[in-house]
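Look at the two complexes coming up: chain A is in both, with chain B in one and chain C in the other.
Moving on, here comes the complex of A and B:
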């Protein structure tokens, strides 16, 4: 089912949670709503589910205006942040209930319900747990029951509110892959809320980046990562080094130090260059003006990558670089060394374009 | 002193044994024919009143909420004995005469209804909002959500305080003796009035009350155990 959100606004008291939001989501897409807490992502999700009303605007499912349709009639599956399983029911009953409570006309027979529930439990790999109560399951298992429960009613849209937020890193990753697979199998339009950029980049077809109740950018993971439209998006999607300077003739200048920025030909007195840590190159000799001297303050080895913290010799600002372990070994650097830092790829934003 | 005087006086000991054996049966009869039925009937009616009062206070419009609130406020704000006296001794002056047992039923039911409605209201409100939302999200109506999701969970919360009310009610029924219901305590008063062994006879009555309450607290434990099955984890730790 395709979803259109048209000019939706929502306030809680004096706090404006959503400001004139419009999005088009195609049928079968897997969408991540990404943003910091308070950005409005969960509010948008709850409005889509009908659990929250909206002040202005409209929601369309397959072109049909469902703004005033109750959650029960929207055919939406919702997976809650803390699962919200029915604690007084077994796993089996939890999954079966959405079918059991249907009006007689559309209710499947007992055998059909049991068959369906067994299929779903197999899908979430919990067929041996059907008689357990939620309190007897681990977090990851509860989350899978919640998913099976939401899928049991054959929703046209699956909405997930921070589905993996409360799980440990390994289970998270596993469930993430599994959600992706599930989506490939069912092709149900799915939207999940997350504040974890890695999760969004890893799983989603498209990412909607939100901030302060507004949409900052919509795009594929590659688009938003490689071509962030605003400093916020750049900052939110990964670690970042900031170089403030003056933009002139395709170069960002900071006194003697200049960084080539061939894609930016206009001139500005105030410009901010953003560089990802893995786009910072470390050299031991000064060869030209496109490097700046910095002292290594910290070396942190995380598995195959090495994070290096540096302090610039000229203005004392801190920088962060990321190297492969191999590269790091070849460089033969250590804490306290003075090295030359070269930003290889620069994204420039002009602050006045993004004034708040 | 009292015990001393009994055991050093065989005649008195014999008299007390006689009184005990002759009064125990009428007392127990009073408990079985009046105290227990009064308790069970009024508690049942009271729970029904309490349930609808709680629903009115949570989901009702302003009018229903107002009525429910007024009812709870009046009943909780006046002594139970005064309520019983108004029903039994007061109403006849406006032409409404109700015999003792029905008067007691009405008075105690209204009383239980008011107190228990607060317990039920709190139990329903203690169930997290997300349980409602989860119910709606899989297609339940409000009444389905109340019946199948909220009440079963709220019951577990409400059982201990409701059991408290029930046990309180068993003992409160002794007040019915003052509106001429011949329940256990009234019989104890009558027996004691003929033989003047107040301490002895009232102690027997007290003992029977205690045994009844003890039995019901065992039943409460059993019910809780049953409802607890879903909060127990593998290791038995909550």
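Moving on, here comes the complex of A and C:
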């Protein structure tokens, strides 16, 4: 089912939680909704599910305006941020609930319900837990029950509010791969909220980045990561180094130090350049003005990559670089060395357009 | 089918319980002195009076006891009290659930006013509550003339007693449910509705099971108060023997006529009702734990 969100705004009292949100989601897409806490992710999901009203705008499912359709009729599977399992029902009863409450005409028989529930419990690896109550389960197990419960009604849209929030890194990774697989299988249009940019980049077809109740950018993981539209998105999707300076003849200058910015030949503005740690090259000799001297203050070796913290010699600002272990070994550098830092890829933002 | 998750098959290991938390163990002396104090206090103020009721009731022997209870006036009082409770408790249960539902699951204008109004019977003396009904429905009251013309009796009759008891007992169930439903929030109801359940099914399958122990507790309190209410009922009843005397009123009349044994005999029936109520409540909560 395709989803269209058209100019949706929502206020709680005087606080505007969503400001003129518009998104088009194609049928079968897996979308990650990414943004800092309080940016309105849950509010947007709740509006899609019909659990929250909206002040302005409209929602379309498959081209049909469903803004005023009740949540009961929307056929949306919702996995809540805090699971919201029925506490007085067993795992089995929780998963069976959506089928059990159907009107008699469309309700499957007891046997059919049991079969379906068992299939789902197998899918989420909880067959042996079907008689437990939610209070007797771990966070990850509850999460899987919540997922199975939402899938039982064969929803056309699956909304997951931080489905893997409470889990440890390894289980998270397994579950998100599994979600991807599940999604490939069932082609349910799915939106999942996450705080974790890596998670979003890893499994989503497209990412929606939200901030302060507004959409900052929508795009494929590659687009959003490589071509962030705003400093916010750039910052949110990974670590950054910031170089402030003035644009001149296609270069961002900072005293002696200059970085080439060929897209800004005609600009003469104050600007901020953003460079990812892995786009920073470390050299031992100064060969031109496109490098700046810095002292190595810290070296972390994290598995196959090496993170290096540096302090600029000219203005004392800190920088972060990321190298492969091999490259690091070839360089033969140590803490305390003075090296020359060369930003290889610069993304320039002109501050008047953006507040950082 | 999608390949099942690649986490290894988990097997149930331990069941979590909340009772007997290790970190809450107090030193034995503190524990035992607290237990002793509680028991002494309860014996002095609850058990002792209770025993004295039965002792006085049986003072003049078994026959006098039975005679006091099977006296037509006593039987009429018992019947009236039970009738009132059977009508008042279900009505207040419905009202309490509706009010608690409204207050905790919706936001609307006038919510605080409603909460204050629910508490009103706690603040108003029962005697005044009774007087209000006299002022409204009594012969000289606001609707008195109209009621007289249509031959409807409220004051000094069953409807008046029911109204007064309703008024006095209506906060019990709502007050019990509101905090409970507040802490439970609305997420389970939202989950139910987004799974396609109707409002009624959501209430029956999700809300009601979650509040049933609180509801039961409220019902028991409400019932106890409905049976025992004296002040408000005393004002509206008119004390017509065999007709509008409830058990507490009947006890008072007997007592004022120096028929102590008879008074305490009826009182012992009320005490037995109270004890049964407590036992039911406990059985139910033991059952609740097993579920």
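In this section, the second predicted complex is superposed on the first by the 354 of 356 C-alpha atoms of A that agree within 3 Å, B and C clash if a C-alpha of one lies under 4 Å from a C-alpha of the other, contacts with A are read in each partner's own complex, and residues count from 1 in each chain.
One rule holds for everything that comes next: contacts are C-beta pairs under 8 Å (C-beta built on N, C-alpha and C of every residue); 3 or more make two chains touch, one makes a residue touch a chain.
As the structure is a computational prediction, the values presented were derived from the model and not from experiment.
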Fit or clash between chain C and chain B when superposed on chain A: clash
Touched partner set for A:295, first chain B, second chain C, both or neither: neither
Chain A: partner with more touched residues, chain B or chain C: C
A:185 touches, of chain B and chain C: first, second, both or neither? second
Chain B versus chain C as contact partner of A:141, first or second or both or neither: second
Which superposed partner A:124 touches (first chain B, second chain C, both, neither): second
Contacts of A:251 with chain B and chain C, given as first, second, both or neither: neither
Contact residues common to both interfaces of chain A (with chain B and with chain C): 49-51, 70-72, 76-78, 80, 82, 84-89, 97-98, 101-102, 135-136, 149-150, 152-153
Contact footprint of chain A on chain C as seen in their complex: 1-7, 9-12, 15-16, 187-188, 190-198, 201, 205-206, 209-210, 291
Complex contacts: residues of chain A adjacent to chain B: 49-51, 70-72, 76-78, 80, 82, 84-89, 97-98, 101-102, 133-136, 149-150, 152-153
Chain C-touching residues of chain A, taken from the complex the two chains share: 49-51, 70-78, 80, 82, 84-89, 97-98, 101-102, 119, 122-126, 128-129, 132, 135-136, 141, 144, 149-150, 152-153, 171, 174-175, 178, 181-182, 185-186
Complex contact set, residues of chain B against chain A: 128, 130-131, 133-141, 144, 148-149, 152-153, 156, 229-234, 238
